[in-house]
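I've put the structures underneath this note.
You will see two complexes here that share subunit A, one where it goes with subunit B and one where it goes with subunit C.
Coming up: the complex of A and B.
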C-alpha cells in the first residue's frame, strides 16, 4: 500500500508562545511535527507493516520543514517530498491546492493526515484536498480494521457514536489522536533517516504561479493574533470540606446564580 | 443583502441546541436566514426552525440519511445553497460540522473559517475570531475573496433564545445517491440518556484524582442530581475508566457551559483548551499548586472523596 502523509511543522504549543504586534514571534520558537500528524505517521507505518508498501511524507513550507520530514523518516517513513515554499503562510484552501498539484501523476492508495493542525486548529485542509481530487473522505478515525490493498473498515468518532465505514481506496482519511501512541525514533532510525530520499520541489516545479501562492492563493487571511483574555484566578476555599464546600456553593448560588 | 443558510443538526429526530443558537444569532444580527434539515424522520422539526426565524426550510428526510454521510450531506447542502441563493453557510463545529464544512466549501470553490467563537458581520464582510494554538492564542480572520462564506461556529458561543414553532415553508430536496466508494455501515451507540457535553449548561468532570472507575462512579451521581453532563480528562479516558466520548479538551469535546466543575483534574493546557470558555469554573483539587486553580473562579483545595458527599447534601438542600 502506498500512503502519503502530509505533515505540518508547527510551533510547539506546549511551550510559551509570544505575540508581538499581532504576529506570532517565531524567534526562539521550537518547531515540531503537529501531534495529530505524528499519529497519522504511526498509523501509516502500522498499515505498511501489515500490507507492505511505503509511506511518503509531504511537507510544505520553508527550509526548516526538512527537519520535521527527517524526524518523520527517523520514525520509519520511507521517503519524503519537501515543497520548498517561501511565499509566506497561505490558508488551508491554499495548501490543499498545492497538495492537489503534488498528487498529480503520483501513485498512492491513501492520503492520511491529522484531523487538524496544532497551530491553526482549522481541520480544513484534508477534506478540501479530497474534494479537489474527487476522492472519498473519512475524518476523525479512532480505529481501522480489515486492511486490504483496495479498501478497509474505518471507525469514525461521530456526534452520536462510532460510525463504521467501509471505504474503497484511494481515499483521504484523517486521524483522531486516540488512534495510537506514536513511536519514538530509535537511534538506528535517526541514522537511517539521513540516507532516505527527500525530493525537493519548488512551486514553479509544480507549475504554480504567484497568483496561486501565499495570500494570493488564500481564501482567508489572519488579520492578527492575540493572547486571549486570560481568566483570573477567583476565590480559594481552604480547610475542612464540610465547611469549604457549603461556603463555595452558597457563593455559587448568590453570586454566580447557580440553579440546579 | 446577505442571506444565511443554517445547516441544522438533530439527534433522535430533535433539533440540537447549537443549531438554535445559530438561528438566534442570525436573528439578533437582523440577517435573513433559511435552513437545511437532513436526517431520518426529521421533517417534524421544520416548524421549530421556522419559529426560530428560518424562512424556507430545505428538507431531506430519508431512511438512508440516518447516519452521517459526507457525500450525501455535501450534495444536499450544495443543492440548498443553490436553491436559496444564500451568501453564507453556517454550520456548528460538531463532528458533523467539522467534516462537512471544508467539503462544502471546496465543492463551492471557496475557503472556510472553522470553529469560530465570535462573528462580526457587515454585509458579507466578515471578521471572525477563533481560537488557535491549542487555545493559547486567538486569531482574527477574514475572507479575502468574493463568494460564498462558509463558517462553522462553536457550540455555546452564542445563546439560543426561546421560540415556539410556526408553520414552516418547506422545500423537499431530492435524495442523492451517495458515493459508491464509501459504505456507511453502522453506528455503534452506547445506550444512554445522558446529557450531551456540548449542550449542557452544567458539566461535572472527573480527572485522574478519582483514582479509577470506582472513583468516577463515586462522582457521577452528583452530575445526575445537578442535571449536568458528565465529562472527564483524557487521563481518565485513556486509562479506560470512562468511555472516550466523555473526554473534554483539545482532542475531546470542547465545552462552554455556564458552570464547569472539575474534580481531581490538574488543568493541563489541552484540558483547558476544552473548557476555558466556560462562564464559571469550579475546581476541586487536593494540590493547592494545581494549574486548574489559575483559571478557577471558585477553587476548593480539598479531597474530592470528602467534598462530593457535601456537594450532594448542599445540592439536595437547594432543590428543596
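Coming up: the complex of A and C.
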C-alpha cells in the first residue's frame, strides 16, 4: 500500500507565541509537526506494517520544514517530498492546489492527513485536495479496519456517534487525534532518517507560476492576527469558610452581576 | 586556533525526540519519585528503549557511534524538560573506559548488552571514606592470587550501584609507598555485581537530600577473575582520566539544561504574577537577576560546547572540560536561586517543582568533582601557580 501523508509544520503551541504587527514572531520559536498530522503518520505506518508498502511524507514551506519531514522519517516513514519555498501567506486553497500538483503522475493508494492544522484550525485543505483530485474522502476518523489495498472500513467520529464507512481506494482520509498514540522517534530512527531520500521541489518544478502561489494563489486573506486577551488573575478568599463563602457570593453579585 | 566549526551544530532532531519522550514524564512523576525516593525505572527504560543511552557506543557493538556533543544535547534536553538524567547518565559514559582500554574480547562480551540496556554499567567505585578528591590515596586493594584478584576495601557515594549489573572499580594493586608516581599502581576492574552481590560485595543505600540512589559499597575478600581487569595492571588512573573529561562535559550539559528550565520558569512567572497592579517582572529588581542568570548560562553553554567539540575531535580538553563543569554548575545554581527568589513563597511549594530542581542542581557544585578542585587544577596546571595541597 502506497500512502502519501501531507504534513504541516506549526509553531510549538506549548511555548509562548509572540505576535508583532499582526504576525507570529518566528525568531526563537520552535516548530513541530501539527499533532493531527503526527497521528496520520502513525496511522500510515501501522497500515504499511500490516500490508506492506511505503509511507511518503509531503511538506510545503521554507527550509525549516525539512526538519519536520526528518522527524517523520525518524518515526519510520520511508521517504519525503519537500516543496521548498517561502510561501508567505497561503490559504487552504493555495496549499491544496500545490499538493494536487505534487500528486500528478505519482502512484498512491491513500492520502492520509490530519483533520486540520494546529495553527489555523481551518480543516479545509484535505477536502479541497480531494476535490482537485476527484477522489472520495472521509474526514475525522478514529479507527480503521478490514484493511486491503483496494479499500477499508473507517470509523468517523460525528457529533452524536460514530459512522462506520466503507471506502474504495484511492481516497483522501483525515484523522482525529484519538486514532492512535504516535510513536516516539528512537535514536536508531533518527540515524536512519538522515539516509532516507528527500525529494526537494520548487514551485517552478511543478509548473506553477507566481499567480498560483502565496496570496495571489489564495482565495482568502488573513488581515490581522490577534492574541487572545490574557485572563485577569482570580481573587483568592482565605480563611474560615463561614466568612469567605458569603464574601465570594457578595463579590459575584456586586461585581460579576450574578443573579441569586 | 582550535577547530570549532561544528560548535554551532544543534542536533535539533535529537533534541525534538528527547523532548517528546520527556513530555511523558511531567513534574508529578518526578515529585512522586522524589517523595518515595524511588528510582525512575520507567523513565530510564524509555530512554534505553529509544537508544539514547547508547549514543557513544560504536555501531558494531549496537550503539549509534555518535559523539559527546550529541550525548550532551540529549542530557541538556532532559534537564531543560524538567526531568533528571542523573539516574542513568553514567550508562552513557562509564563504558568509555572499557571501550578505550578494554580488550576486544571484553568489548564483544559486554558492549552489545550495555548498548541494548540488558546490561547496566552505571556505577563507578572510586571515592572512599578516607579519600574524596585525593583519588590516589584510595585504600581499596586488589591482591593478585593466581588467576584472580582478591579485593578488600570500601567505596562511598557510589551512585546507582543498586541499579547496575556491572560496576567499574578502581583499586590499588601496588601500595602507594612502593610506586614512583602516586598515580601509578592503580588498576581498573569490571565487577559483575550480579555474581558478587552478597558474595564479597555489600551495598548500602545512603539517604540524601535528593533522590539520587547513591550508596556505600563494602568489599570483603571479593574474588575477581584477572580477565576482568581492564588494560594493564597499575595504569588504571590514566584510564579513568579521559572518562572524567567526558563526565564533566556531560554534567555541564545537564547544568545548562537545568539553567534553562529555571530561567524559563522564572521568566514566565515574572510575566504572569501581578502585584501592585503590574507584573513583578516589570521591576528591575526581579528582571535583572533573571537576565544576569541567562547571560551566565549562555556563556557557560559556549564553554560546554567548546569542550565537547574538542573531545569529539580527539584533542586535549582537560582545561575546557573542567571549566565547562565549573561555569555550568555555577550558572545552574545561580539560575536556581533566582528562580526561587522570583517565585517567593510559591517556590517552596512542591507542586512548582522548583524546590526539587533547586536541591538537585546544587549537587553539581560538589559532584562529580568539587568546584574547589577545579579551581586548584586551573591554578596549578593552567596558570602555573604553586600546588596548594
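FYI, the second predicted complex is superposed on the first by the 231 of 260 C-alpha atoms of A that agree within 3 Å, B and C clash if a C-alpha of one lies under 4 Å from a C-alpha of the other, contacts with A are read in each partner's own complex, and residues count from 1 in each chain.
The rule is simple: contacts are C-beta pairs under 8 Å (C-beta built on N, C-alpha and C of every residue); 3 or more make two chains touch, one makes a residue touch a chain.
Everything numeric here is computed off the predicted structure, so don't read it as measured data.
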item	value
Partner chain(s) touched by A:167 [first = subunit B, second = subunit C, both, neither]	first
Contacts of A:187 with subunit B and subunit C, given as first, second, both or neither	second
Partner chain(s) touched by A:251 [first = subunit B, second = subunit C, both, neither]	first
Touching partner for A:119 - first (subunit B), second (subunit C), both, neither	first
Partner chain in contact with A:66 - subunit B first, subunit C second, else both or neither	neither
Partner chain in contact with A:11 - subunit B first, subunit C second, else both or neither	first
Superposed model, subunit A: greater residue contact from subunit B or subunit C	B
Touching partner for A:32 - first (subunit B), second (subunit C), both, neither	second
Those residues of subunit A which subunit B touches in one complex and subunit C touches in the other	233
Of all residues in subunit A, those that touch subunit B in their complex	11, 13-14, 17, 19, 24, 36, 91-93, 96, 115, 118-128, 130-132, 136-140, 142, 153, 155-168, 171, 176-178, 215, 218-228, 231, 233-242, 244-246, 248-249, 251-253, 256, 258-260
Subunit A residues within the subunit C interface of the complex	16, 32, 67, 70-71, 74, 184-191, 193, 233
Subunit A-facing residues of subunit C, complex	12-14, 16-17, 20-21, 46, 49-52, 54-55, 64, 268, 274
Footprint of subunit A on subunit B - complex, ascending	9, 11, 67-68, 70-71, 94-96, 98-99, 101-103, 105-107, 110-115, 127, 130-145, 147, 179-190, 202, 225-227, 237-238, 244-245, 251, 259, 269, 276, 279-282, 288, 293-303, 306-307, 310-311, 314-315, 318-319
